[in-house]
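The following blocks contain the structures, represented as structure tokens.
Note that chain A is present in both complexes that follow, paired respectively with chain B and with chain C.
Right, the complex of A and B next:
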């Protein structure tokens, strides 16, 4: 973690956030499997605090490792607000369709293969981002509302939302690698929260800790 | 009190379900467009009235709402509609059902516990209809109703790429009405127009649905025949030519006989661009005119 993060979160606060993320994502994984029959493994999440000015480079380097990607972007609002990004390799679109398809997908004039693939990508993005944000919010005793997810093209990612962040601010980036069980398929889940959330988050972290003391 | 009145008044369908898919609330909008009164559906499972909604995808989204507090979005673009309500005002398009943008989300109690799920239904049929109309206008010739030249050229380009990869035969017919100027001059342009319209539907009814018929110029039509060898393209062209020759057009009680000349071409390895194929068909058409009209010619 870089040095500029020190004045925003103390080491203790970072530890609590890490702990909450572990619990939240663990419980998201369990519920996804149990309730919705989607089997994913989420890696231990990493927390980065990044000045918004450096966000484009961070995203470029992070997403670049996943060449040929499709990205689902979904905004969330509430005490904890920001954007969720699901980064998947392009070849995953077909796999997503097979994962979600009720039966052999029916292609027609109005529903082309491309539409069906888009549909399943948006659905999986909505569910995974919502699961992680939802569980995190639940632990911090709040809840989020969401905008419709949209697919953005990899090269467009910077324009698409760096603009929604104030360049003088710091963003909290929560990064997880997820893997679909029994499939050779993994992707990246990023939650970006803006600085306005930081004050609230610090308060929520302390309240969370107090409830255990 | 105020909110319950608004709940009934808004121009949005609102359904509230409990966690077992049972209908808890059904607003007046849903009664009006769904033609199901609230007292009939409240307390019953949503799937009793809408069995088509009982899909793994719908249940998955519903559970994501109850478990994680997710929202789920069913956009018109991707889904068309969630509730099969009859569409009104479709301006002659083939849209059967009301086009809807739907959102599903959680309703929490004071302790943040999710006990209910709402579905909101927005009628976006009008937008969908305009979109379809615009798309149609973009690819069709307004007078004859067959495709326009631009659309044909984009199809030709696509078929050309498919041919390069899969080597399936591709043929093209260029058709021109003989002495059409004479028809216009003697019977007037309106008469000419109705002959063009009738001619277009004549050709259209003699080709397969996969073939692309376009008005290429004034009285010139072009027909793209995917997966068709030259022999069948020639026999299709001849069938069209004979039918038009045998047909008597009736316009304002005037009987008019017309004939057509046609050039037919097929893709071969020497043809390296879609434009060349068009040019070859055009030269064949020119030769048909030279040779005395009312005939089908191919240049091999």
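Right, the complex of A and C next:
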């Protein structure tokens, strides 16, 4: 992280954001556990402030830590605007379908197995990203609207959404690594917000903490 | 015969987030002069438990070094009567079952609300009052 971007948030502001992300992702995994019988092991969320020009390299290094990946992307708008990315290993698609369907699904003429796998992944991305951004918005007393989630190819990830960010700006990256118990599967949830959200976010973070005083 | 009512005096808060510790402290009743001890991860929490023997311990689950599951297990090994209250964002049913099996007193969801905090502390005092040897 450059010193310039490092100064955008104070340590206290980053700590508040980290705790809010922790609460938001915890809530999202509980929502997921209501739909599928799975236990998600959580880790401490990380906050990064990255110049948009450096975002492709950051994502490349982060995502390429996972061999073959599949990514669900969902955009959100409001005071806090950006993209949510759920990154999972490609082999997770079949597992996710089995968990959602609770058995080997019947394949029809209209829906191939590959389509069903994609749909199950989109649904899981929708639950995790939607619930996480929703809880974050609730805690910060705002409201978000969403685009439909979509699957993007790992090799297209950089071009697929980075062009929606102004290259002269800084992105806020909230990163959570998680692991599905007994499945040998781990994934990554990234929330990327644009610089226009920073001013509002700093104010909202202070108001959040002040509400406890 | 009813045992004496035990009042909580010493509270240990184990959370890697300074903000989470601030938020939790602010939910404690203002009219009580608790001695508050803070720990920054599970291992620090176990060490501080051993050093200070608090009446009640608030424990986060998702922490570096030693997570709250393992720290709770360690504390329960040190003191089977320890009152460990899990204060966490991890509100999955399986997490609640896991910490209950480890011997945690209860689990409360973050962000903690003042009203719930009062209820939980009252329940903890009741439990402490019923421990063997308390008259």
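Observations
As a working rule, the second predicted complex is superposed on the first by the 199 of 213 C-alpha atoms of A that agree within 3 Å, B and C clash if a C-alpha of one lies under 4 Å from a C-alpha of the other, contacts with A are read in each partner's own complex, and residues count from 1 in each chain.
Criterion: a residue touches a chain if its C-beta (ideal position, glycine included) is under 8 Å from a C-beta of that chain, and two chains touch if they have at least 3 such contacts.
Everything numeric here is computed off the predicted structure, so don't read it as measured data.
When the shared chain is aligned, chain B comes close enough to touch A:138, but chain C does not. Of the two partner chains placed around the shared chain by superposition, neither chain B nor chain C is touched by A:81.
More residues of chain A lie in contact with B than with the other chain of the pair chain B and chain C. When the two structures are aligned on the shared chain, A:186 is found in touch with neither chain B nor chain C.
By the document's definition of touching, of the two partners only chain B reaches A:36; chain C does not.
By the touch criterion stated above, A:127 is placed in contact with chain B alone, chain C being left untouched.
Contacts of A:209 after superposition on the shared chain: chain C is touched, whereas chain B is not.
Of all residues in chain C, only 16-20, 22-23, 26-27, 61-64, 88-95, 110-111 touch chain A in the complex they form. Of all the residues in chain A, the ones that touch chain C in their complex are 12, 15-16, 18-19, 22-27, 29-30, 33, 39-40, 42-44, 139, 181, 209, 212-213.
Chain B contributes residues 55-57, 60-61, 63-64, 67-73, 75, 77-80, 103, 105-106, 108, 112 to its touches with chain A in the complex. Chain A meets chain B in the complex at residues 28, 31, 35-38, 100, 102, 110, 115, 118-119, 122-123, 126-127, 130-131, 133-135, 137-138, 141, 143-146, 148-149.
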